[in-house]
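Following are the structures in question.
One chain, chain A, links the two complexes that follow: it is found with chain B in the first and with chain C in the second.
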Partner chain A sequence: MARFAGGKAPFLRISDQKGKSTNTIMRDFMIAMLPVILFSWYKNGISVYLDGNINFFEMLYPLFLVIMGGLLSVVMEGIFFYVTDKKNRKLDDILRKLSTSYAAIPGVILALLLPLYTPIWVLMFAAFIATIVGKMLFGGFGHNIFNPALLGYAVVGFTLSGFITDAGGVFNGTEVLIDSYGGATPLGIFANFRNTGEAFSFAALVEPYGNLWDFFIGTIPGALGETSALAILIGGVWLVARKIIKWYTPVIYVGTIFVLSWIIGAIAGDAGLWFPTYSILSGGIMFAAVFMITEPVSTPTNALGKVFFALFLGVLTVLFRFVGNLPEGVGTSLILMNIFAIPIDTYTGIIRTKVFRKPGLSYASVLIGVLLIIVAYTIIASVNMYTAFLPIINIWQVI
Partner chain B sequence: MKEFLNKKGLIITLSIFLLIVFIFGGMYSRYMTNQIEVHEEERYFASLLELVEDGESLEAFDAEGADVTYQVPGSEDDYTPELLESFIVLDDSEDEIAVIYVIETIGISSGFQAAYAISLDNDRLLGVNVLSHKETVSQENRYYNKLSDSFFNQFNNKDLDVIDFSIDTVAGATLSSLAMDIGMKYARELYATDYDFEIINVILEIDSLIYNYDLNTINDYQFIAEITFDEDDKTALVHLDNDFNYVETASGDEVTQAVIDSLPVFIPEANLINTDVAIQSYDDTTRVLTISVSGYSSTGITMDLLISSSLDSVENITYVSSDESYDDTQGYSGSGVPEVEENYIDTFNNDGSIIDSTAGATVTSNAMDTALEWVQTFDAALNGGN
Partner chain C sequence: MIFHKAKGIQIDGKKALCKKHPLVDYLNPNTVYIPLVHRNLKLEPQVKVGDLVKIGQVVAQFKTYASFITHASISGEVKSIKKVWHSSGKMVDAIEIENDHKNTLDESIKERKSVDNLSRDELIDIMKDAGLTGLGGAGFPSYIKYQTKEKIDTVIINAVECEPYITADYQFIIKFPEKLLKGATYMMRAADANEVVIAYKNYNKKIEEELNKLSDKYPHVKLSPVKDIYPAGWEKYVVEHVTGKTYKGLPAEAGVIVNNSATAIIYADAVEKGIPLISRPISITGEGINEPKTFFAPLGTKVSELIEQCGGYVEGLDPMKANYIAGGPMTGRAIFIDDLVMDDTLGAVIIRPFITWDYPECLGCGKCADVCPVYLTPTEIKKAYERKDVKLLDLLDANKCMQCGLCSYVCPSHVEISEAVGKGIDLLKKGAK
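Now for the complex of A and B:
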């Protein structure tokens, strides 16, 4: 007999995991993030310590930052529960609420999105924005519009990034010694090329950091948790295996970015696969694909909705990367798409139920039409970066 | 405990936790940031110590400074380099073995900072370490990037007690080379002041310089110079080879060894005549004088001059060889080397005139121009100027 769930997402298929509560999602998410956390600690702490470039206490800082991110979110949420619910202020009440609200996850994700030398007070502020503003003020878990961690990250990025840079920034004790980095992350170099209009080259974008294998493993400079595609993929496989996330959401998102980057590169005269591979392995695309765009509350719930959500997100990420002011593009596009999660969910719900009828076709046309327009604009807007486009533009003008 | 937490204790505990994280976490963050500076300083000192083989530690000291000026590369202005820091290097027995001066000079732009290490044992420059600069590095194998290991090796174990205390600059990175050359010289001045090191000082003035056009002695020496030297204004007429090395004194006062050593340094700097033409040899049997001239290539163009049987004129010129190359990107459209050289020589042999410069081969043309003007002068000298 068919069973239906009401209320807000997430809807856990208890029948698949008997005897487990929503704690299961939280636990599995934390397990999935373990490879990422451990790799970021190894890369930014342990290996640098083993190289003799930092001392023991400095070695602990990356791990401390991640643990603090989770703890701060839990504590802030606990205080919020205490302050807003006068009838349930006992320790057991607070703990019960915390156990069903994924309290630690936004803080942990937040810490993994931030650079190594993020001051603790900045992390506290970010955790406050993520947990209190992004989540609890909207009604708590299941009611937030934006991804809480992303909101905290975005607010800090726009307001306090200077403090992070002044405190030391993104490079660990070994990376600052590597001349070829020249004080820039891969996306930093990407932005320089984009802004100057020079054609991209493998030698300029990839070789300073080794090769694409280094990008995949994660031995390149970047925020704590975003550099290792391998560690993220291990976490992603775990989440898929545990049926916490749908496999196609990250695949479609990453695939869209890969294909669009490939097209842009091909039009520019460089059809090498290195460029789309570089595109998906630099910045926070892989991390977002597994841990953020699969967030159950602020993204569509039905399968078609997830497909469209990932497609739009991929196109917008490329658009913002190639055309926008900031080289990352992931956070901006995800925040924007969080706003449209509910309409997409609604429209795709109608499409699924009335696929061959007029309303279904209309909504499908609208979604596909908007998507194609953005795709076309993204490719055309990228023209500024590529001198190879100029002959095409000239012909166009003549016509 | 649980009872305490169930009352007011929970909010107090959580708030105290936040406060503790804020205070101690903040201290931890500040410690991390401070450690960056500590590590940078450690690396900086380590990079300085690498210049001195047995150096174990550094001790800062106040250098007395030196009041000397140098010409800003590529400009007519003068400036005094800035001494940023100075260190004494100690070995594992705490003995002073070297001194390091961190000096800022000017290359293509200001802010060229480098450390120069000088041995206290043997008054030698041990090496140089470029710490930071704003030279052009945007193009691979151009500008500052052209400074290779062979350039930097010039600074290793370089004796301070010589007259020609300079390094060979690198074409295409001349200004950056000069920044380090000046830094090195300024380091020697500082060292001389701090450690009573006496820099060789030669009083020498080149009054005139001419080629030796006498076929009887042209193989023995190629230049003749009139010089004034020492504090007593002594004078002498000296004979020199193609590289301005001293050969003999023709007349005048006896020249000192310091003056002899200084001649190859002072004469090019005097810049009295164009010395691009080098007299290679003269065969009195065949009456052929071989000369060469530097052009695009330093080894240049070689040609033979046939002297008349009466030894009073140049009968004709024969092309011998050329290491030149012409630049078709600059408009050169003829056939390759030695077309330009032979055009010049053929015309000169025919009517004694010198043709106009060839587009795309300007440097080679200028070299031929210089060589043929030299031949004209030589020819005039052979027949007494008639």
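Now for the complex of A and C:
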């Protein structure tokens, strides 16, 4: 007679197989960020170096910043493990804990969110906020409420942006050293429009940076990682192909913003498709759509929750951008929505069990939700009811 | 699309392990232990220590609102009543019978001459007297299903066997295809149904071949292949696949009775020869076994004897790094001591070495919710359980869980999520009282 080990059914686990565990998911996340990192290196380092404007070491700086972001986070988390756990202070123990904490990812995302020439000490402070405050104090990986990278970014953005300006980069994007890309960011110009109340025009919004193709490729000013929709989409396709993120979360988010900005553009006097396209390609929307609203820990778990999350987040982003006064609508709205991920999870969990037996009902409810949001939003965003219904009234008159 | 219907996932079956050897008869163990427990019910022993019993003699029974009997599976002397390890994971009392190797049959075992004239009630009585239970693993007494007042249209013989590793049903059918068809026919008559459908996995071409050879003699038996996914053999899936109907409680609501294929084969013997349920097929398999085989063995046989027949454990097997699983790997139980006794619910014993690694925390990927066949959200149920929130557990419909184990299976962080859901259900039941 031999004594066997205990265990709980099921005894087969997909995670015991090679390449099916959380480690692989996190590795794939890193791989998905590679195109973005490489593009930002090319745009901010290599291409400028080839023009002869900076020296060799300055060329390496964008890459250095990203690597520092990841490295600083890992080191800080290691120190945190050392300080908090008195019994397990050997290097092996700390390395083992780090291997299931995935500290590098928020660090790299954080660096990609910051502009070029952010001072290293600011990055260090941001990494501290991100990993220690945003993640470890909440209980470590899997327990954080906020997206750690985003929290670090938001705190730095709200409190230390002056230091970034002094160091030679204007927060949110003006890369002064890169001569060809001088000037305010697209969103900065956009803010002027909002304040003066003029109609949006293609000439003022897009033409200073080339055309919409440049927006797509990413050769416009902006933070390190957020400018190139192309590089981000490559990463996104990889993530979807590896079944790590759901395709519909980014699509619904970007789609909501597209539709709502189209309506706003129409109200403001130009119903051209360029405006919503410009709207989704400028700022951090693409980056957030692929890398941040799909981050599993701080967003809802189930399919219905993900749909609602993306939907409301899109509405909030547009609200912050066009109506509110805070900088960077994406980050602010995402932090706000992170808080609601928990109730969304609970309530969609309840709704799922009752409604999912009939998928048609779920689709119908989401469709009704979308319509309600669009209608309600149109009313809010317009100056008064009359202007909101102006396009509709115009169509009536045509008929 | 987004709100797709979860229809299970394909799991590497590892059934080839056990398919190398055909079904092995192992009918004469030296001792058998008939457990005095069935589905949490205590059975009353009907024999005393020192009695001589014959094959098929009633040795224990249970009689209150429903009756259930078990029979001696070998002939010989009752040695003692002692505790043995049962597949439920507990030690239970069992009647120890020592084999006298004479194979004397009880008087009740005799061939029936006119099986064609048996009425529905007589067929159900045969089921009851044979102590026939569902051999798929639940062990529900079969005759209760047939006493339903609903109008039954279809009897489904479930030969899907969707759990990985197990090949007991498959090899039993390959050996006795005609008995399966006969048993299916009798079941159809016992339920007064119009049709009988055999559901099996579509890659099991051999079942199809064997049954098609006999299709001239049994034209009323239909075949229905199902996809190779887990849990395709779940009663609700099988019923929906075959008839397109769904139901809430029992399949009888949809006019369907579902029986396991091994049950049908045993039933054919019970009707024609009067042999009660005294033996069943069992797979002894897993990576920890030298030569995995499927046996046809009397109930009460010690599993260790069967493992010996398989050449024992593989060399260098560390028992503390291996699971001894009673039942399938997805829903079975880990047994601590390898001293298990076979009973009618035990379709397989799997010895499987496992690996451990540093499990990360739940990252909230939502894979568990995506695969759940009943659209639960396991992560939320786990959280509600940890907060002991009975009301929320009820709102989340935790008790609809069928405990297929898929949520734990797909979890990339190796979270014991189905265990947490199971505890949540217990809490809900306690709280509801």
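Basically, the second predicted complex is superposed on the first by the 322 of 399 C-alpha atoms of A that agree within 3 Å, B and C clash if a C-alpha of one lies under 4 Å from a C-alpha of the other, contacts with A are read in each partner's own complex, and residues count from 1 in each chain.
Quick note on the criterion: a residue touches a chain if its C-beta (ideal position, glycine included) is under 8 Å from a C-beta of that chain, and two chains touch if they have at least 3 such contacts.
Since we're looking at a predicted model, the values are computed, not measured.
J.: Just checking: does A:Asn211 make contact with chain B only, chain C only, both, or neither of them? Give me first, second, both or neither.
T.: After superposition on chain A, A:Asn211 lies in contact with neither partner.
J.: Which partner does A:Pro119 contact after superposing on A: first (chain B), second (chain C), both, neither?
T.: So A:Pro119 only meets chain B here.
J.: Contact-wise, after the overlay, does A:Tyr248 reach chain B, chain C, both or neither (first, second, both, neither)?
T.: second
J.: With both complexes overlaid on chain A, does A:Asn302 touch chain B (first), chain C (second), both or neither?
T.: second
J.: Report the partner of chain A that touches more of its residues: chain B or chain C.
T.: Per-residue touch count on chain A favours C.
J.: Considering only touches as defined above, state whether A:Thr84 meets chain B (first), chain C (second), both or neither.
T.: So A:Thr84 meets neither chain B nor chain C here.
J.: Going by the contact definition given at the top, which residues of chain A touch chain B in one complex and chain C in the other?
T.: none
J.: Would you mind writing out the residues of chain A in touch with chain C in their complex?
T.: Touching chain C: residues 1-16, 20-25, 96, 99-102, 140-143, 244, 246, 248, 296-297, 299-304, 306-307, 345-346, 348-350, 352-354, 356-357, 359, 362-363 of chain A.
J.: Of all residues in chain B, which touch chain A in the complex?
T.: Residue list for chain B touching chain A: 2, 5-6, 10-11, 14-15, 17-18, 21-22, 25-26, 28-33, 35-36, 39, 43.
J.: Please output the residues of chain C touching chain A within their complex, sorted ascending.
T.: Interface residues on chain C, with respect to chain A: 2-5, 11, 164, 304, 319-325, 327, 329-339, 350, 352, 354-355, 357-366, 369-370, 374-377, 379-381, 392, 395-397, 400, 403, 405-406, 408-414, 416, 418-419.
J.: Okay, in this complex, where on chain A does chain B touch?
T.: 53-55, 57-58, 61, 64, 68, 71-72, 75-76, 78-79, 82-83, 89-91, 94, 117-121, 123-124, 166-168, 173, 176-177
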